[in-house]
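Presented below are the structures under discussion, each in the form of structure tokens.
Shared between the two complexes below is chain A, which pairs with chain B and chain C, respectively.
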Partner chain A sequence: MVRFEHKRAELVIWLGDLKLGWSIEPRYWRNPLLGMALLAMLPLAFSGRPDFLTLITTANAFACIAMPLAWQMTGTGRLNFGPQLFVGIGGYTAALISVHWGWGPWATLPMAVLVGLFFAALFSPLTTLAKGLYFSLITLVLPLIFLELTYYFTGIFKGETGLFGIAPLVNLGRIKTNYIVSAYMSLVLLMVFLFVVFRIMQSRYGLYAAAINDDEEIAEVMGLNINVWKVICFTITSVMIAVTGWFMAHYFGTFAGVTFLPLPFMLKILLVVMIGGRGGIYGAIYGAYFVVILEKLLTVIGPTSHFLFPLILLILLFVLPEGIYGMIRRHRYREYYPTIRVRRR
Partner chain B sequence: MLLELKNVSKSFGGLKAVADVSLSVEKGEIVGLIGPNGAGKTTLMNLVCGVYRPSEGQVLFDGLDVTGLRPHRICRAGISRTFQIPRPFPDLTALLNVAVAVLCGKPRPRMGFGDALLDASHCLEFVGLFGKRNILARDLTLFELRALELARALATTPKLIMIDEVMAGLNPGESSRAVRLIRKIIEEYHVTVVWIEHVMKIIMEATDRAVVLHYGEVIGSGRPAEVANDPKVIEAYLGEKIAQG
Partner chain C sequence: METIEFILVYALILGSLYLLMSLGFSLVCGVLRIFHLGYGVIFVLAVYGVWMFMNDLGTGMLPALIGMFVIQILFTLGVVYYIIVKRYVEQEEILLTSLLLVALVIEELINHLYPVTAGVNIPTTILSGVTKVGAATIPNQMFVVAALAAMITSAFVLFLLKTRWGYIIRAVSQSTRSARLMGVKVERVYAVALVLSIIPPTVCILVISPIWSIEPYLGTPFLETAILVSILGGLGNLRGTVIASFIVGLVASSVAFLINPRLVGLAILVMVFFVLVFRPEGIARSESLW
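== the complex of A and B ==
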């Protein structure tokens, strides 16, 4: 005897004495698992369109930069204007090793992590030495210095043209299959990053990050060793961004500093973070897809899109200060909703 | 002897904010630190808590030299403080505000996040804020913020709490509630208190000993009633003419 019963926020199915309940309370529709299932269906839905698959992969890669960056901005209390530096470091490491020594993607990954770790550890004291505004300025300049270096040592980095002939991420014979598998690999990377960042932000270390973002002096008076936590946070997130750089280098098969290091790319990443919802972790995914799709739509109108795209995004920043995700998301106070801004101190 | 300051001085450029202050606080004592505006009371507190480094002198706490240590080390040693203008973590709920202090204060191994939330709940209940645990700190009223600061200070399991002008900006009803709360803390947690206050009446009632600062120097110390009648203290507060009659 099957019987359906609709309660206020629950659909109950009785199979004899067996009760099966399915919660239909609206917020469960925003369950991350459902969102992930939707994202997982996208590459299949567009399996015939390589350009769309590239779009999906790019959006996932953007989210993979934006999520660690959101954590970094919270955990160091500073606005990093140069996340693309580590995209460049990870990408160039993978590209140089792959081109010169012929290593495959899985062999270059540990090297990209190691080199990323080295430079992240090198630059991490900046989070304790430089105050808010100066940190932003220094991080803004660092990728541009790296870009100059790629021009200066053009014999190594091939500044203008970039390195090409990097071992592809997957090679299964058919180009179409490669595109779909790459899209799924980007999704797996996204899910791993989402899982790591989300679990950390939910744990006590997320609370430390929130305390540092809110008021680091008070956090220190409360007994938190802020310098250590800021350095750790910066290092881990930078390595994660370097891994994204590794992914992009192997995915595109070419890597040029001129694509990833200048300001327009940084602008996109920052807007993914801000439009996505002021440093929210899930918001970064929404923001990444939004920015990528918007950019694609605007290519229809031709060269005007080059200034129209940032313009639209800047207007959105003023109109939607809490981001697109902020509109969907109501304030649930148990959840930390960071304020991200450049601090004087 | 819990806290001992030996000839502590602090200069900001040409200004000597704290000059050659020697002070000692016994275990279990409630010491009131009074003085006119700009006397160096809060600077002295910042020197003890490690926010500033003393230019000269030595700060000893519980037999440990804490001079110039970083604030988190001093907090873990057992000195906790509140602020004159409450400084909560504005985007965190009241419960999480206290949980930060529980997790970061005195090192307690095997303290999980859940345990910390439970401990924080106890502290919030003690100061009467349990009902507001899920409210963001920026939405709390001034009195509630002061209570939250006390809860946070308690949550680090301190031996010494330094209280900076709890009464500022509170109405008489709230003030008496705040004083009752601090008395309850002293009774139940057996902490030593250094209490900075402008309101002389409260210092007279609540403290064992009062220390008067003026232009960064100690000009009087003793029982509150004696200190209040000391001509030097009256002169510092009200001016020379009134002191002479």
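== the complex of A and C ==
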């Protein structure tokens, strides 16, 4: 039995004996829930347009890379210039296994996680070995090395053309249904990532991450084993990015290193993080949708869009240094706002 | 024996080429202590600037060169320095992103105006023909590159060691704060360093343009090479950069002759990766530019 009751500044919903209250006054609204509801309605609203559904899925996938990256930048205190390395690792693992052994997406997922975990653990000591700009440079070089490898071992990775014939993410018979279900799967992935990252940033471990981001030495003096926490943070976030790579490989059905590994893709991810609001978790979602929608809108005006797109982003970067989310969060100044500094003093 | 000869000749030639590519980048690294990620666009502006003057405005070679340099200086000072570097020198994440974006805007604009099919061709051949070294043939123009690399590097070093401006630039590269205390207008030095950094890449791309494939996105691979050589050389140390470019040249030519030419890019990247991890200060650890 559902009853609605209007009380002063609150809408009360009774589900039998269970009482749920929703504040009517805007400043008490639960914005994340509203935002998620809005995102959940998008695929249904555009259910007749496969191109828009692809856009929504791409935006969700970008946010799924940018959110762990935002956590990683806070938790390691370093700017990673090569998050796409793990998109490549996750994607290629899924693609190779699927193409050669015919495994479906759910069978390749654990393999993508395992391989991602292996490489994340292998590279995680870099967070303690390399400082500041050097870490950024190493992470800039790593995806390029991987790209060269895909060209050299072109028999395995099909460097320039990419691997195709990867098992689709969902196969329900109708193409339209597949698109909608895929869009919802990307949304589920986004929500899982958002939940994990948000809860961790709210917890004691988030406090550790913030302490490391603010000043490593002081964090260490305070008794924090910074090396362990940096390694853990790098490993978990890299695996999350690898999972996004797995998703993209199965969603698009093809995977080419030349699409994901070079600098332009990294620039797009970096822009999602910067435009959304540096290091903000929710900002990554705003940023991802903004960048993807802007790119799509500009295709309308023809070939000039290629230079208008970076130009608009550049102007936005100057005008809104705190990003889009930064405008909203100015009212919530007591929350921790991570800083990104490439070179620390 | 012959193989060693090839390797050494090619190491010398490639090393000179890499040196010209990365000298300006290294200078900016040393003086401004930033990564000029918009460096690649200098190469593009050089080639397409000259082409625009010669093809669209019908000028001769010399006016085209002068016009191109004016455009380069206006772009570097007006856009790169005053709009980006001066404002965001302390906020590196915005600095690096916006430099990359500016480069992208220019490259896309040029690609829109002059697509690859425009057939850009600049008559800068100084020595035509090829020279046979054993069984290997080398375009003579590459020897011009080697000679120019030696000349420009010596000019830079002499300028830094012997002139008053050189002293000031070296002082800023050692310590910005102390230089400011001594009355140096640091911002002006930054602008001068940025303008000086235009010269080597412009000369490099103009000289190799007859034997290189010219397209609007050629800046990115050059920028990558410049980054790698500068890292190896110790980020902004010119002596280190000179040594590093010849080491990279030697590695490139040895890998190409002894193993597989397709492995050259990978070999250089792996070398830089290990240098970054185990010897991040590069070959020549030094607080100064030279």
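Simple rule for what comes next: the second predicted complex is superposed on the first by the 315 of 345 C-alpha atoms of A that agree within 3 Å, B and C clash if a C-alpha of one lies under 4 Å from a C-alpha of the other, contacts with A are read in each partner's own complex, and residues count from 1 in each chain.
Operating definition for what follows: a residue touches a chain if its C-beta (ideal position, glycine included) is under 8 Å from a C-beta of that chain, and two chains touch if they have at least 3 such contacts.
All values reported here derive from a predicted model rather than from experimental measurement.
In the superposition on chain A, contact is made by A:203 with chain B only, not with chain C.
When the two structures are aligned on the shared chain, A:225 is found in touch with chain B, with no touch to chain C. In the superposition on chain A, A:211 makes contact with chain B only, while chain C stays out of contact range.
Within the superposed three-chain model, A:141 lies in touch with chain C and out of touch with chain B [touch as defined at top]. Contacts of A:274 after superposition: chain C is touched, whereas chain B is not reached. In the superposition on chain A, A:307 makes contact with chain C only, while chain B stays out of contact range.
Of the residues of chain A, not a single one touches chain B in one of the two structures and chain C in the other.
Chain contact summary for the complex, chain B toward chain A: residues 49, 51, 70-72, 75-76, 81, 83, 87-93, 96, 99-101, 103-106, 112-113, 116, 134-136, 152, 156.
Partner chain B is touched in their complex by these residues of chain A: 203-204, 207-208, 210-211, 213-215, 217-226, 333-334, 336-339.
Interface residues of chain A, counted against chain C in their complex, comprise 79, 126, 129-131, 133-134, 137-138, 140-142, 144-145, 148-149, 151-152, 263-264, 267, 270-271, 274, 278, 303-304, 306-307, 310-311, 313-314, 317-318, 321, 340-343.
Against chain A, in their complex, chain C makes its touches with residues 33, 35, 83, 91-94, 96-98, 100-102, 104-106, 108-109, 111-112, 220, 224, 227-228, 231, 235, 260, 262-263, 265-266, 269-270, 272-273, 276-277, 280.
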